[in-house]
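Note that the chains take the letters A, B, C and D in the order they are written out, and that residue 1 is the start of every chain.
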């Protein structure tokens, strides 16, 4: 096996950890079992550029079980787990990823997987697609299709499609309900509070927790923070979302008012400057600020620094900013995704569904009779339902089926009057 | 004023009750105040076929304040509040509605409002539109547009549009978020439990409450029933919705299993036969069954009767079915909408938003420069946002606005990487 | 049967309603079944002075089944259900109670039951005990013991005991956990919100609900109001209780601050003047105020009236107070217990436990070998556990039992170190 | 300063961490500030045997600020934080504690603090008291009093008092409401789930979480687990507690039934063998079991091992037990307190109250005019109220005070009738 990993001796530990994750990814395991029998991906060359984690390892093994010839590189220089990478090599999967690799190595690793002449690409941020379109144009005619895991990647790709520069079809796995309804809501909600707890060991009960943004991430956070006894305050710019928050019993107010009240602030909006100079100026002494949105722009660190006379790390991932007026503000994880920085990101049980979507999407692509036109595609609704069905089954939950009479009734709704 | 109501002497009491409702409909009141100043509907003839309730009365008064020449008939022979009808007449609004009117009178009343040659129709179930298309074709060319409040009506109208028989444009008020997100979720959730409490005076704490269906209505119900201390069980046919229920911490199972456990059953699916013979056969002695879906088909009453030796009314809206094997099942409100039958339907605070959508939609229609093509239209997003904004404002809730930099950032998302 | 009731022809309806309540009082039913077999109260003369409701009727029937010679009069001139009284007469129980009876009749009825020379008294407010001590001293030597259902009665009796004037023993049923933990918390919580909903038809979601007092009643209210989507604010004078409210995620503040924010106010403290002039002066226009504490002193009505220019009833149990400055405040049920006035008081399922405590206490008194000294007694812990055990059993809930090893371990705790 | 710590160079880091904890212990900080002014403990020699953590360090500093001559040794050989110990030495407090010290050193360290001839002892498990009574009898006449932090210690001491062997008075800090209502409920609830999350990274949403025991710890756990989306099942032996759990909407059943359903099991009963052979035999493959009760006897590890063919550590604090029939059970932290083993124990905000109780109790003891008799004393109610009052104040929460009229009314309750 061709590979470039940190230390092959870490493989044993990696295997145990991959198994643990796998035990909490039963949908993917069921798909892997079926793949092993049916070999639907026989001989299909798949190049994946994903976070090299134990969850991703289980996806790779499922594709491999299905007969695919898979290779993997990292989608971020910092997120690689070196023991996982070593274990994957032992499992016979060409893997190119070293935690902390420099930029050149990062792109060299992308070349390594593309050199294997894949028919399918799997992206987490569109880097494979991007390199192909920029530097490896000759190879694109042999690409059947790709998949994309992230919001950011999907937005980029839709723009490329709109500009007519996208040269092969991509399925937007991110956008399917079994991905974003669960991952963004339950995954983010729990793991963000987990990250803040590990960083600070604060008691949530009775705290004023200010949540910037009431999208799916914000809803999950608000629900979980209340579940831990916090008094939740929501800020929003969209009146319909704001009203939903009010009707759920949360306090809603502008950030400038919330800034005076909050003990803990969490941003999750997708926009910049949610917390900025005017907010830092009025925060209570001891306020804790964290971000769980994708980029580290939601908390304006320049503004915070401009008010600061001194900083020091008081716990791992907790930096104290001593402001000119003597107040202290605590910034977690330097404003980066606190659930990944201070905890372990989304639990395997959530990635189970996202990666089951990925595996079934690759199978669906492999089964297409003829070529798809270059465009951004939704995950077929059947796959979404199948993933939900399998998840319920593996949790031991049965549900009803419509009777023929019920189906008929739904089809002739007007008769009900 | 031309009119046909039960008893004009009820007007005084009707006025007090209309005021009470109005006090809890501040968005509509704000619109009414603006309408009174701006007169945007000056001279516009509007014919409305709606439930003649105190909430509807407030809508009529708002349109009247805007300069419209409004008339009103009932959209259901049983839902008219006679004191409200009498009060509307005193307010100068031609009203044609008597609680318990027979079918002929019902249609005669529809003719009364259509005889006034309206430019705008407002429907709750599409009866005005239907009569116009069937019997008053000559008049349709003078109709500018209509609005529709219900799911059922919208479905009918979309079918008419699909079959190219719809002759004038209709706005589907039902489908806009500020209508169905709030009305269906918070309105149904609270008022259904209210209806069952009034009918039975049961303690909710510790009860097994089985909710058939996890759409918006079911979500509201599940959340509120848990909020009262019940153990909630959800049944579903859609695996994605079922999984959401599981992730919210509810038990999910097929109805045949839930039927053995439930103390109280509530159906809210839009489909028929949710509770049927096989379920009645295994229910516990003393089980209470109720429906809050639109039609009384969700609980199969024929199946229940077929198992029954004797019935008697044990409280208002509660009929005991003594089954052959000695068990008793209690059917509420004869399987009709229990929140309307045993309580007062949706609170005014919820109708506030739905009817604000209606009022602003009429204004929008009045402002159109040229004619719209015959089709079913969505409520413009601006109106939805405006209603949410006003609702927040009247609740004293302020929210944030995007800064110019934030707007710019959102428009150039790819720079965030 | 000797009796004095309103209208004997109401008995049939009374019986149906007594049965409905009985179906939701399975613990009492189980006790009644056992009593019918064992006749533990054979020939015991019991005089009861209780609210003449369908729940009380089931208690009377249980005692009768146990062989007791029971008679009943009302503990409040207004709370009698005339159909229930008529039905009890048909069941052979001497009953003396007419809804709306005047003061003379009320006391004449008390004499009627005491004339039957009881060995056991059952009180709800200590009126039987009081009449005996004041006017029927000669009879007291033949009284074995009494029971008392209310906090108020128990406080009176303890004072009598402290002053050495209490002449026979009394069991304080009110104070036992299966009574007050459930009745006060879950019963009051649900039924109070129910009463306010019936009176006003407000939407709870998003409302600011101010709860005066965080005892068991206040806890129940706070939990249920949050469960319906309200934003709950608690006021307290006890810092430990206030802190518990904070840790549960509720806002806590002085009433003078809450008064400016609240949409709905509910008092449940046991003290007077919780809402008074200074609070009415700053309330929002449209505020709703209600009380669910035992006496109508918690809302200072004189203070409210002093600020008012005009009142009118806008719905049943809702009186609008138009204040001098134009604001309106809505007082529910004239400041009396809103759950009894506007709804039906505690559900039967809650009274099941309180009255099971009563029935078993009477049995325990009947079994005493020798006379108890005059004093106020707690319900024996065995009875409390038995009631909880039966309640669980009738709900179909099984629980664990300690193994012999576990019992041993608990008895020698120090070994665990 | 006399001392015995691991490495004095760790002091700098210890100081930063002590400060962080101190920032979340504002009640203790307020007491410390007052102590610094009033010097109420001037010259008082205090010997403390407590977990040497950053929270304890803040207690020591408060006593020192009050003028006390404090010394500290560890109450457990494993719980010492060496950097904290080093920092305390720099702060001038004789400290004798090394993480992992052997038994001899442990007792030698106890001798070191007792050699300083204290007037007050502070215990966490009664070791100081025990050594004094056994080996240093001559010194006891100079002990004014002691305090005890734990349930276990208090039970021991009460037995000593009952046997008339206790030679000086002890205050049972553990038993005061501001200690156990908050520490046991909110502290245990959050930190236990935190420990399990760190150990396993499971998603809580949708999991069946079985909680053995519904005391204060169990209530906190049940509430927090539901708050994270879990389906909670409670097991109990006490029917009253079981019924409360049912009324809160939790499922209650015997452990043998819960054992078949649970995904995660948490014991918190104070008894042994909560999970034993019969339960392990029926658990689902992959079940996770953890304990948060004080001793590691709640999960019977011998029984688990007897069914096991192989074990391996799959993550830190997670050991996989491969059973003979192929199922796997995961035991966390070897059945020891999972919140201390896998997370950081109670947050500082909770210890703030417990240690404020300690500090004020020492002050109260110092102020006693004459000697107290040897016995176990409750914390004076005034101290409890003061701690709650200060906690509210430092959280910025104001509460009401009774008016003179309200006080009068409460004192003459009978007038309310």
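The working rule: a residue touches a chain if its C-beta (ideal position, glycine included) is under 8 Å from a C-beta of that chain, and two chains touch if they have at least 3 such contacts.
Everything numeric in this text was worked out from a predicted model, so none of it was measured.
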- Note on the structure: When each step joins two chains that touch, the fewest steps from chain B to chain C total 1
- Name the chain whose C-alpha centroid is most distant from the C-alpha centroid of chain C. A
- Message: Quick check: how many Å separate the C-alpha centres of chain A and chain C?
- Response: 54
- Task: Would you mind pulling out the distance in Å between where the CA atoms of chain C average out and where those of chain D do?
- Result: 38
- Message: Measuring centre to centre with CA averages, how many angstrom lie between chain A and chain D?
- Response: 38
- Per-residue overlap in chain A, given as positions that touch at least 2 other chains: 186, 205-206, 226, 229, 246-247, 395
- Task: Using the touch rule from the top, collect the residues of chain B that touch chain A in their complex.
- Result: 125, 152, 155-156, 159, 177-178, 181-182, 185-186, 235-240, 242-244, 246-247, 252-255, 257, 270-273, 294-295, 297, 384-385, 388-389, 391-392, 395, 397-403, 405-406, 409-410, 413-414, 416-417
- Item | chain C-touching residues of chain B, taken from the complex the two chains share | 16-17, 19-20, 23-24, 186-187, 190, 194, 197-198, 201-206, 223-224, 226-229, 286, 312, 314-315, 318, 328, 343-344, 347-350, 395
- Of all residues in chain C, those that touch chain A in their complex: 205-206, 226, 229-232, 246-251
